[in-house]
Each structure stands twice: as C-alpha cells, then as structure tokens.
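Accompanying notes for the structure given below.
Per-chain numbering from 1; labels A, B, C, D and E assigned in written order.
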Amino acid sequence: MTAYIIRRLLHLIPVLIGMTLITFSIVHLIPGNPAQTILGEAATQEAVKNLEESMGLNEPYIKQYGIYVTDLLKGDLGTSLRTKAAITKEIWPHIAATFELTFFAMLFAIFIGVNAGIISAWKQNSWFDFLAMLFALVGVSIPVFWLALMEQWVFAQELGWFPAYGRENSRDPIAAITQFYVLDALIHLDFPRVFTILKHLLLPSIALGTIPMAIIARMTRSSMLEVMQSDYIRTVRAKGGGQFLVIYKHALKNATIPVLTVIGLQTGVLLGGAILTETIFSWPGIGRYVFEAINYRDYPVIQSGILVIAFLFVMINLIVDILYTYIDPRIKY
Amino acid sequence: MSAEKNNKQGQQLPLTNPATLDSHIDEDDIEETSPWKDTCKHLQKNRFAITGFLIILFFVLFGLLAPLLTSYSYQGQDLANRLQPPSSEHWFGTDDVGRDIFTRIAYGARVSLQVGFFAVTGALVFGTLLGMIAGYFGRWIDTIISRIFDILLAFPSILLAIAVVAILGASLQNALIAIAIINIPIFGRIVRSKVISLREEEFIMAARAQGMKNGRIIFHHILPNSAAPIIVQATLGFGTAILDAAALGFLGLGAQPPTPEWGAMLAGSRDFIQLAPWTLIFPGISIMLVVLGFNLIGDGLRDALDPKMKN
Amino acid sequence: ACSGDGGADPSASEEGNEAGNEEGTSEQKGSNAAGDQVLVYARGGDSVSLDFASISDGESSRVTKNIFESLLDYDKESFEVVPGLSHDWEVSDDGLSYTFFLEEDVTFHDGTPFNAEAVKINFERWADPKHKYAFTDQGYAYPLYGTMFGGYKGDDTHNIKEINVINDYEIEFVLKAPQGPFLQNMAMHYFAMTSPAALEKYGPDIGENPVGTGPFKFVSWSKNDQIILEKFADYRKEGLPKLDQVIFEVIPENSARLIALRSGEVDIIDGINPDDAAGIESEEGLELYVRGENNVGFLGMNVEKEPLNDKLVRQAINYAVDTEAIVEALYADYATTAINLIPPNYFGYNEEIKAYGHDVERAQELLAEAGYDNGFELDLWVMPVSRPYMPDPETVAEIVQSNLEEVGITTNIVREEWAPYLEKTGKGEHELYLLGWSGSNGDPDYFFDSLLHGDSIGGENRSFYKNNEVDELIDQAGAEIDQGQRAELYKQVQAILHEEAPGVNIVHSTPLAAAKSEVKNFIPHPSTSDPLEEVEIATE
Amino acid sequence: MTKPLLEVKGLKKYFEIRGGVFGRKTGEIKAVDDVSFTVREGEILGIVGESGCGKSTTGKSILRLIEPSAGEVTFAGRKITHLDSEELRKLRKDMQIIFQDPYASLNPRHTVEKIIGEPLLVHGTISAEERKKRVKELLKVVGLSSYHASRYPHQFSGGQRQRIGIARALANHPQLIICDEPVSALDVSVQSQILNLMQKLREEFQLTYVFIAHDLSVVKHISDRVGVMYLGGLMELADKDKLYEGPKHPYTQALLSAVPTPDPDDVRERIILKGDVPSPANPPTGCVFHTRCPQAMDICKTVKPAFEEVEDNHFVACHLFIM
Amino acid sequence: MLEVILELQDLHTHFFTDKGEIPAVDGVSLSVHKGEVVGIVGESGCGKSVTSLSVMQLIPSPPGKIVSGKIKFKGEEIVSASNKRMKQIRGNEIAMIFQEPMTSLDPLFTIGNQIMEGIQLHEKISKQDARNRAMALLRLVGIPRANEIVDSYPHQLSGGMRQRVMIAMSMACNPDLLIADEPTTALDVTIQAQILDLMRQLNKEKQTAILLITHDLGIVAEICDRVVVMYAGQVIEEGTTREILKYPNHPYTKGLIRSLPTMNKKEQRLYSIPGTVPKPKMGRVGCRFAPRCDLAFERCFQETPPLFELGKIRKSRCFLNEQTEGGRAENDKTTAGS
C-alpha cells in the first residue's frame, strides 16, 4: 500500500508541473500590466517601465517560469503587488477560512446526503425516496449565489436567526492560532465561542453544501441500489442476514467507493463555489482573495491563489485515493 | 411407431432442410424496435423526464414567444417606475431602472438556452474529438491528452472559467467560450473511457477483422456506441453551463448590460434584496427551473439509454 | 501587541453597545472584551496597505487617518486647513518658503519622539526613490507625492527644493515656485508621519505595521476580514480618543452590511445604497449620515477618437444624457446633478454656467449638423467597482446607453476589471467611459489639473483632452496664492470646458453612512476618511 | 495430404503490465509462449484448454488483431507478420474470425443487413444492389430468413446471433476462419445446431477452421486434429482419435478424465489435479505444468520440455517422452 | 423412502415487469429427500435459478413474487413464513451457493469475516470460537493454509478457491439442504472435478441433501441420484439419473441427450432440436415444447399435458405417455438402446 501511495504521489508530479505551467501562462495571458497596477491610477509610462525592469518582467518567459518554479520549491509564493506583503504569509488565513467553510459544507453535504441516499435506497420507491430524490434534483439545480442571497435574506435579515456575515463575532475576535476558528476556540476551551463560530458557519455551509449534498444523495442511492443487486449481497441474505446487516455492513461499505470519488471531486467544486459564497457572506477566504486579485490584476496573487486551490483539490483527491486503499483491499497496483 | 419416427428424424439430418434450420423465432418475443425507439419508449414512461421536457419546452416557448407575451422591451427603462412590486401591469415587478422583470426573464430564457447550447456544443465537439483520439489511438497520444485533461480537471471549473474570462475579457461570448473549455475535459474523459472499453469489445475487434479502416471504425462503430453517455452528459452539461454562465454573470464576468442574462440580473439586483426581493426571486427561480429541467431529462435519458451508467 | 481579548476591563458594563439581537452568549463575550468602548466600523473592501503614502485608496486612508497625523489637518466637516502636528506655520511673502512649528512632547506609538528630523525623513522617503526607506525594489511607490508636489527628487518639476530642519520643532520647506494649494496638500493624510524607528525596524513590512502618532495604535490585521486598532494612551490630545478599540470590518455586500448594522453586529457602516437611505432614516435606533459633496461622477469621452473629436457630437451627448433622471433615480435625494466638474461647494465654482439639460431634439440637431444623422456606434466602458460618486456604475451605464439610443447612438457596454480598466483607459483604448473623481484636499486644482490638463494625458486625463488655453489657466491658478484670483481663473476654465464638453458631468454625490444611535460624535468627513477620536458610544 | 494453409512458428504474446508514473513496464503476462503448429487446407484444428491459457490470444495474434510479440505466421504462403497495415487489411478478406460472445461481437446499433454487408462494402468489390442480394443469400446460408435483415441484434437469441456472426465471417469467401469458442455461450440444444451448421459450411465452401474451445467433447466432435494448451503453451497436438484415445501428456490425461460424461455407465478412474492453474504473469519455471503434474520429475522444475513430434503426427511437450 | 426435506407443490413465481407478467416458474413440483442429491437440468432461462431462489425467498422483489403454490421444508410451509423465520432458515437449515464464485463474496471483507458472519447470525458464539470454526470449515473443504486464507480477501483467491469458500460458508451450520445453483459453470474442467468431488464427499459425510442446478448432463451423471428436467418454467420429466440419461421419455430430454457431442459418440452430425427455448409468457397453452417437437400432434398445441406418473419416482409431461401407460417405458428402452 505504501508503494501504491508513493506511486500515486509520483503520478502527481506531471500534474503539478502542468498546473504551474497553466497558472504561469494564465498570468501571462491575462492582459494588463502589473507594473501599472502597482503604481496606480496616476503613474507615468516611464515609471511603469522602470518598475517592470526592476521586477524582471521583461525577462524571457522561460526564465521567468524558471524563477517562478524555483521560488515555489522554496515555498516562496512571491509578493503581492497590491499590498506588498508576502503571499505565503497572507494566503494562509484565507486558505484556513476556506478550508473551514468547505469542511463544514462537506460535512453537511455528506451527513445529509449519505443518510438520505441510504434511506432512499432502503425504502426504494417510497414517498421518502420520491421526495428526497426530487429534492436532490432541485438541489443540484440551484445557483449557489442565489441560495446564499436567499438564505441571507430569510434567516439573517427577516428572521434574524443567524449572522449575515463573517466567521465570528467581530466585536470580540479570537486570538487565532491555527486560523481554523473552531479548532482555535476548542484550544482555548471557549465553548460559547465554538457555538458562535458554528452559527456563523451554518448559512454559508448550507449554501455551499447543497449541490454536493444533492449529488452525494443521488450517488449514494444509486450505488446502494446497484450494490444491493449484487451477488455478494444475495450471499449475505442466503446466510440469513437481515436488511440492517445488508445495508449497513455490506452495501454501505461497497457503495462508499463511488461516493468517495464524488466527494473528492465535489470538494473541488466547493473550493471553486466558495468564490461566490465568500463574497456574499463576507468570508475572508481564498476564493475572494483570488477574485479580488483578478480584479486588481495582482498577478502573483492570482498565480499563487489559483495554484494553491488546485493543489488543495489535487491533495484532497489524493487523500480520497488513499482512503480507497483502506476500504477496498483490491486496490494495490 | 412414434419412437421409430423420432429416431429416423434424428438421422435424417435436418440440416439440409432450410425450413428446419430457420431457427424458430417466436414472433411475439421480438420487440419491434430500434435502439433509439427503445430509448424514446423508456423516456415516455419516466415521469421525471417528461416533467423536465415540459419545463424546457415551456422555457423554449417562453423565450421564442417573448415578443408576443409582453408589450415591454427587455431594455426599455422607466425610471419613474423603478422597483415596482409585482402587479397586473408588471407581473414580476420592475427592476432598478424600471424594466419589466417578466419581459427580461422571457428574453433571458433565450440567452440562457443559447449559452447552454453553444457551450455544450463546443465542449462536445472538441471533447469528443480529443477523447476519441486519446482512447482509440492510445499510447503517447493518450498519455498527453489524458494528462492535459487531468491538469485541467485539477482546477475547480469556475475558477478556470474566471481565469479564461480574465484572459479574454468579460462578455457573454467569452463566458461561453470559458464554459466550453472547462467542459472539454469532462466530455473528453467520458468519451475516452467509453472508447477504451469499446475498443476491447468484440464487435470492434470484429470490425477490424473485417478489414475496416480506422476512420470507419471510429465513425461507424465507436461513435454511435459512445453516444449514450455523451448525450446524457450533454443534457446535464446544458444545465451546468447555464449555472456557470449565471455565476459568471453574477460576478460581472458574463453577459453585459442590457443583456437580460439571469445571473447578471441577479447581480444587478443583489442590493435590493430587502427593498425589492422580487428582483431576485424570479430570475433565481428561472435559473433553477431550467437547470432542473435539463437535469430531469438527463436523468431520464441516463436511465433510458443505459441503466447501468453512473456518474 | 496582543489582540484585545485578553486584558479585560471588568469595571465596564457592556449593555449599551451590545444592543443588537446577538445571541445569549454576548454577555459572556462582552466580559472578555477589551472594554465597553469598542466600535465596529463596517465597509465594503479591505485596506490595501497601511503605509498611507504609497497607496491612494479610500479604504486604506480610512484606517490610517486614525493611526497617523499630518503636519496640518482638515476641519472635521470640510477641507479647511487646521493645525495638525504643527500648531502653527508661516509663509514667506514670495510664497516660496513655509515654516512649520511642531507640537512638542509628542511620541509615536512605539515611543520614538516626534520631531523635525522625523518629518524630514518622511518627506525624503517619498521624494527620493533611492532613499533607504523608499523600498522601491519591493514595489513601493508614492504616486500622490509626485502628483501633489510636481514630481520626485531630481525632476525639474519637483517643487520642493529643500527641507531644512531649523530645530527639533521647527522645519522649513523651500519651494521652487509658488504653489497655490501647498497648505491644502500638506494637510492631506497621505503626507502623515511614520515613526522613523519603525521604518528602520520593519523595512518594507511597514505597510502591515503602521506606527504613527494618531489617536489609535495598530493591533492586528487579518486580511479581508478586520483591522483592529486600540486606544493610544499617550495621545497628545488630552482625554482623547474616547474609544478603547476600533475594529474595521470588511463586508463586501451592501445588503449584508446593512443587515449587520440592523442586527447590531456592527456600529457604523459606510457605502449605503441610496435606495436604502429612507428606510434607515426612519428606523428607530439607526442614524443616517450624509457626507459633504466632494466628488464628481462623469461620463468621459476620449476626444481623440472619432466622432468624439467633434465638439458638436460631444455637446449632443451632453444633451442626450439625462443626468437629472440618473441622479433622481439612482441617488435618491443624496446627490446633486453636476453641471461643472467641481462640486458647487468648492471655491471657484462657476455658478453662471447652466446645465445642458435633457434635450433629445437639440442633440439630434447637433448630430445632424456634425454629419451623423444616421447615428453611429460607440463603446461605453463601465467600471466594475462601485465608487462613492457612483455606487452602481452598471446601472448608470444602462441608463446612458438607453439615453444615447434615443438619439441614434448605439453603445456597447464594455466591462473590464478595475486594474485593466484604469490601465486601458489610460492608454486610450476606450471611447466613452464612466469614472469620477473624489477630492482629497478640497482644492479645484486637484480636479482640473489631474483630469483635464494636457500634461496629465497618460495619467488621469483619460479623455485625452488637451487645450492650451485651459492648460495655461490651470497652471496659472496652480501657482497663484491669492484665493480670489485663483477662483476667477477656475471659473474661466469651467466656462471653456462647458463649451468644449470633454465629458458629461453627471453627479456630485453625498455618500452615505449609517450608524447606530448609540454612536455619538461621529462626523463623516467629505474625504471619506473619518476621524474617530471623538466618537464615543453612549452606554445608556 | 493437402498443403499447409496456415503455419504458426514460435508465436509469442506477452502483455506488458505497465505501472509507475511513466508507464514503465513492470512485468509481463505470458499469454502465449512459443506456440507452433500448422493447419492444412480444409482441415479443422481444434485447440482446447482451460480458461486463461491463451487460446483466444493465439487466435487473435494469428490474425494480428493483437500484435504478436514474436513468432511468424504464414498464411497461404504470405508472411502475415511482415505485412503493412494496408496489405493486412486487404488480406483480412481471406481470414476471418467468429467470436465466443454472440452478444458482444455484433454492433448493437447496426441492423443485421449493415453488419453482414459492411465487410462487403469495405472490400468494395460489388455494387450496393448486389450487396443486398448477397446479404440475403448469406442469411439463407446460415439458416435465417431474409426478412431478418432489417432487425437489430438484440432482437435475436444467442444462437441466431451466432449465425449472424457466421454470416458476416463468410461474406467475403474467406479461406480460413478462426472460431474462438463459437458455441460455448450457447445452450446445448442450440450448440448442436451451430456445430452442424459449421460443419455444413465447411463442406460447402471448403473452409479451414481453427476451432478454439474449452469443451473437450465439442472439440472432439468437430476437429480433425486437436491441440491442448496449458498456460500459454501447447502441451500436446495430435489427430483427434490418437489424442482422445491415447493421450500422452499427463495434463491431457487429467483433462480428459475430468470431463464428466452424461453416461451413467461410464465409471472411469478420475485423475483429480491438485491446486490451481498458476498465473501467466508468473508462470512456473521449467515445465509450466510441473506444479500440478502427478508424474513430475526433478528435471521438470528446471528445464522446459520442447514440443516435439514423439510419434507420427503426435507432438508432446513432456520430459516423459523426450528422454 | 427417506424423509422428505423439501417439497415444492405447484409453485408459480412470476415477474411483474414493464413488458408484462413473466411466469418464470410455472407450476413446478418436486421433492428432495434426506441425504439425496437431486439435479435440476434445463437450458438457460427455463427457471432453474428462480425455482431455487423461490425456496430461499430471495427472488428480487419487486418485480418477482411467488404467486401461488407451496414450499414445504421439513413439513413446514414456508411461503407464508415470517421474515424472521426465513432468516433463521437461511444459512442455518437451507444453505445456498451460487454460480459466480467471483462475485458472490463481498470483496471488502476477509474470507474469515464472511464465514464468521454466517455462524454468528445463527449461533451465540464468541468471536474466537467462530474464527476457529471458520478455519475448521476451510480445512474441511480442502483449503491449504487455512489460517492464512482466513484473513485474506476474496480477490486474493482463485475461482476454485472461492467456490470452496462458498461451500465452506454454506456448510457452516450443517444445513439439512444445500442448494447449489450451477456451482461449477464458471470453473475450469479440472477445477470442476475438484469441486464436484468435494460436494460428493460432503454429501456422504454429513448427509446433507443437495439440490444441484446445472445445465450440464455430464455433471448430473457424475453426482446426482435423481434428476428433474425443466423446460420453459415447467418440470417436464423426472426420474433417477440413470433412467433419465439412459432411457429418456420426453422428446425434449431425448433430443437434448442426443444433441450432446460426447467423447464416446462417433457421429458425423449431431442431432439438433430445431428452434430455441421460448421465453416464458403468460397464457401459453399447449405443451411448451410442441413448436420444436418432431412428434407433436394437434393436441399438444391445444392442451398443456400433465405430468404423467410412469413409476414411483418417474414422471414425464408428454401426451405420448397417455396412449400406452404401462408398456411405455419398456418400449423406450429398446429404441434408445439400439
């Protein structure tokens, strides 16, 4: 299995190289001039030119790419043109924020999705099944940003049950250690704060998690149904196993494999979808960070941000792949 | 005696007699269908799929008949009547420059359906082509194309779309291109894996054994048999393309005013959520319904075309 | 410095500021907080950097305004120059030498004493790109210094000839030529004093570690989220500031920001959709604040492009665009329709000029006269961000588009992200464009010289408008010290510009802010950088 | 004796097991390992063996549907293994294949007419009209009706589909047909129909078959000579009667004795082999059968026995006979 | 005669599909006695598997349903038995193994785990004991290195090994009846011989009755005491193995046997039954085999023949038996033997 993991890691290398190539070229293809961006609205052409030179922007692409990759390997993501701050430092809280949000969105999606899928499969063709699947179909059709706005309107504005923005109560900010606020609050043993943070997480998580939830529910159902028709389930029944054993021991474990794949892929969708949710819920996450950088042509940030998101996505799928090996003894190649 | 007769019959090799050779076909057992008719029949039985079809039909007609359904123009401003709530005059109310939202949604249906159509067509053509090439020829071509797919798929799609739009400039057309691009690897992979599994099928090997050329095998044998997942993905892709276009529109990277694209409408009205919720509710529901429609059809098609297909 | 959740001040009760419907845990939390006087100020975007002179965006100076001080300051409600770190100043008769008398016993937040040497270091840092604190290699640049003082060290046009430290608390600025708005400029908060020790200590990280002499000192900054400032106990003004902590919170969505105010999660919000104003005004417990007029939003025209190079066409567009309707529809009552480039409350405003008015027929006549009876097509560039002078540029564009359609001009709306928008319009890729200008020193020069002077082409003059007569008048006014004289000259400029019509002046808005009623002494400044030193929160 | 139509010499097919990042070869499956035989014109050569022993791979490699790794195949005097793809394509007219799975070997989206007509089309010698006529003729030859031409494969039963497959193979008057288990997916009662049909066709059209199957009785019934394969190699090859009556190789003996016969009076002593067939990815050294052979000797573990003619027309690969 | 373990009486199992009702099992009656090996033979689709699954009540439902008829297990009628009772019976009193050893084991659990599961479902037994039992069972079915295999996963075993594991699993609770649905079809001849050998041995040692489903008459000859021949959802002939194979009565059985290429026969051409097995369909009248039968006469198409009793345990569903009740069998012997 370690061999498998190592091979899987090695497999990543070309993908990672490709990713750096793409992020690098995106930045060089995006029209606009970083030097101008730095100098702002009132700079002269000459000043722009000087700055370009000092930034090495007039070097050949190959050389620039080389520098980019070497820096990356050193863990240096460069400096934001706009804020002049080191991106490595600036990006971490954003990643943490997005990660926390994505995590809870996924938690929500998995918890509801998997259970709804199981019950649907168990009670196939019942009214629950019908409603759950209709709901799931609607769920995959809702625009994330619209759902977020509607939630904000109903639950924050009209009902006032949940906060409309941010990761926590702004009056009383947490002394962040890991930047994962729930974790931080737990470290501080500050349970009321955990509650507050979770309350802030709820609406955006639901907005973000709805589509994956629906997809997971459908996937779980169909893969459960398929598994339940398989020969080995018939074997379990022939041994005298009841529905519960069949569903929760055998079917669920077997159905998990395709569901896991979906979860891995959907996490990527979540990371992308976060751009919208984060803006609406004022979530200081990576999506907003990158989107703003695009707006301001903050090239190093665009480059690093996109790369980091893609990297996270790849890593999550790697984890999923590794999880397979725990679930499925057949994987060994 | 009968037993003797039986015996004789056995030795009188029935082979020479074509009538006996004509293996008995119980005509009742035969379904008088072609694979496509079969699919249609299946679809007709699927209530979800029919609902989806009706929804899409509704929006197609809604878009096509827009000029007949409303006397307003989708860009005709009426600043005196901004943010009017729904009324008999303005069924869905008016937006912040006094345009009739019902009218804009009707014309927006055209936009969304077109976006879906062109984005999916683009992705389908290129994705299928690349997937086909990768799957059929294999070896290094496959390695290269698959790696590119891998890499493209490593980026969350909306992010990639944003980057593409940032490169090309914000417009509906560019958003469409971006959406097509992000969908290429999705189609490509489906086609590739289908082709690879088909390539191992005996009827493809049989085609080669007949001495057919690659082109013929690809277009007459592999392509028609890969159609099912492609069609399903295309239908579902229609929905996601509309969603993505709306998201880009919402971020200001898609359709530009006064194009009545639903996502852009939402973006323009987001400040009025408390003041004039109808400016958000109707476009949002429209997006949802159209996408739902395509998903319902796609689901139905999936069941009808290939019940075993997943993902 | 540690963030504010540790050292609680148990004496304070927190009823007052927690009036909102926050959940039950607020009590517990309140006791953890630094004190009762915590103000949360919500805005739409984050600061870019807290090194004020190297950036020019409002969200940065909104914060730095409360950390730093300049030699001079503006009045609370206007751009009238009042003492800042210098309690007095002298101008030589020829207008070439300014001597500032500095406040004594002032220290920076890090304990470094404030003195003339510090002033000199700061100015030299901005003026000299090779200065050791200029950090040009790290991408630092000081564009506003260049704009306001004619360039940088070594440039011919650089107007500050020398800076002489007379003694610890006296400093003399010697100019090459008289400069009308010099004092006005010195009061801009871009030219505020950073601790030289901090420059040494933090180097290029100074943008994230501001150390000034202002009422609040910097505590922490989580990007895109919040900036926390706390009371500077040794602030030079006795009894100030009144707040213990100020938290600048980023909430990008207008609607979410308002919800946050309503639910009591924040105390002050900026950037209010004018349509919401009426609701806020009538709402119990909320207060609406209107900033002074200090900006212009306009429809610019690239006069180098056909057919915009034709004055008649430009005038026709002026007749075609229904500025009044735009203002009425999109600004509620919180703006005036613009006639001239500068707001009516500026000195030198030419009241004799009458608005073009909305006149479709006249517009069509003019177009016909110019030979464009059949209409033509133009690109209309619209900025992607909302600005104080134009909270909803897209809708303005849509109205302009439909106005122009009426007279036969078809427009395609072009959208670019903010940075390329500025860059490309600066290069003249556009035809029509929406933009605006906010004053930052209350001087007309800042409008005319930046926006329509021929020398500003390639910079802020995105109309590519060059008129020697106008240029001369602007230069003259810039070098004149007598305000009456200057006003006359600016009036002439406005008359010419009105006739020449290099753009359609649409609006002077009065941006809105809102706060909870408990917030006292909040006076929004026209520059949008609000001093918060006197703000306090009523506890009962 | 007639002249050889097909000569297979030292045929090998190793499937590469690829792994790692750059798809390096990490191992190989020796699906066919050094197989040689000849097929004479007009005869039926049966090949039997257990599942996975490389029968199909041999068949497909002969036709170069799978590119062989080594060896030489001569068909009617032409070295197939040296032809370029266009020549090979043309030659395919003369050599055909019928597959095991009547469900998978017909394109489900084509009508019977198209399926049978397509080989005629691609070798394009006759007009569209003639083609139609010929398709009907072919249908009749295999015992289907001409009105079946417009139907789709899924409308037929397995036996009928197999007939369609046969008709397709016959379309261009081939000389050689490789039959890859054409009846093993069929029911007993249908199996005999197809076997009979194949025999009839052979007589009618002077065909030569290489008949692959795992059912010993089927092979015995139809073949003139029979080869027994085990783990990628031929173990024994002889005339049918010689092989069935006097099997020499211990594997053949065991195989024959293991086949259950529907004769309650047939009480033979069964040789029940121990253990499983080894994996072709990791075949035993020496004689591949030594791990299960009841008569294994020391030499069997190390030395691979050659496939030699120990009697007239009786080839065996076993140390018991070479010494 | 020994105690009857299983008795099916006029069993009808139908599938209710989009294409209408399919009578997959259309009135099957048969019985299995203690310690006996009974074979069910018949071509693909004739309802063998559905019959056996009906006994276990494991027919996928919907669409399948036992429409009428009785299944008596050791005298107890189990069609109407409760779910709970069926769970007790399955695996404990009746065990079943399936055709596909490759897919019949859950790939995600170890062999041991799956065998233990069956034991623990029916007995209160500690984990350790169950594990020991599992290993003993593995040894019983001739698996070497049982203590290693017990912890391996199905994919690590070959097809033959897996089928042994299935048999071990089915023997876990010493069932009275083992239903084996084509247990060797997916296996190679040499392995098939191993498995049949094992089953025969278990039958002898444990006196477990076996209901063996197959389409291979050779296997029947090898191991069955008695045979039931099915055609299109019905039993058409029944008798001892020897009788059926040597002296078949029903034209279908005759044809079937004659159409087999065998090692001993030397014929140029095989006999072949024309046509194909019909798909089951509701409302079919007449003998199911009539359309393919050389001897069919008018009546065969109009009436469904009953199962004629030709002896104590000999039955045949052919009208030809009506004319010459007694002497029939005699006659047959001579003709077929010649």
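Please note the rule applied: contacts are C-beta pairs under 8 Å (C-beta built on N, C-alpha and C of every residue); 3 or more make two chains touch, one makes a residue touch a chain.
The chain lineup, named per UniProt: A, B = Peptide ABC transporter permease; D = Peptide ABC transporter ATPase; E = Peptide ABC transporter ATP-binding protein.
Nothing here was measured: the structure is a model prediction, and the numbers come from that model.
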Top of the farthest list for subunit C, CA-centroid basis, is E
Interface with the most contact pairs, given as the two chains involved
A-C
Centre-to-centre distance between subunit D and subunit A (centres being mean Cα positions), rounded to whole Å:
53
From the mean C-alpha coordinate of subunit B to that of subunit E, what's the distance rounded to whole Å?
47
Please tell me the distance, in whole Å, between the geometric centres of subunit A and subunit C computed from their C-alpha atoms.
37
Please work out the Cα centroid separation of subunit C and subunit E, and write it as a whole number of Å.
90
Multi-chain contact sites of subunit B, meaning residues that touch two or more partners
13, 15, 21, 23, 25, 166, 169, 270, 273-274
In subunit A, the residues touching two or more other chains are 14, 31, 149, 152-153, 157, 280, 294
Hey, what residues on subunit C touch two or more of the other chains?
253, 255, 259, 384, 417
Subunit B touches which residues of subunit C in the complex?
253-255, 258-259, 273, 275-276, 279, 325, 328-330, 382, 384, 392, 394-395, 397-399, 401-402, 412-417
Touch list for subunit B against partner subunit D, complex:
13, 15, 18, 21-23, 25, 30-35, 143, 201-203, 205-213, 216, 220-221, 224-225
Any idea which subunit E residues touch subunit D in the complex?
43-44, 158, 160-161, 188-194, 196-197, 215-222, 241-242, 245-246, 255-257, 259-265, 267-274, 276-277
Touching residues (chain side subunit A, partner subunit C) in the complex:
31-33, 36-45, 47, 51, 54-55, 79, 81-85, 90, 93-94, 97, 149, 152-153, 156-157, 160, 163-167, 169-176, 192-193, 195-196, 199, 279-282, 284, 288-289, 292, 294-298
Over in the complex, which subunit A residues touch subunit E? Could you list them?
229-242, 245, 250, 253-254, 327-330
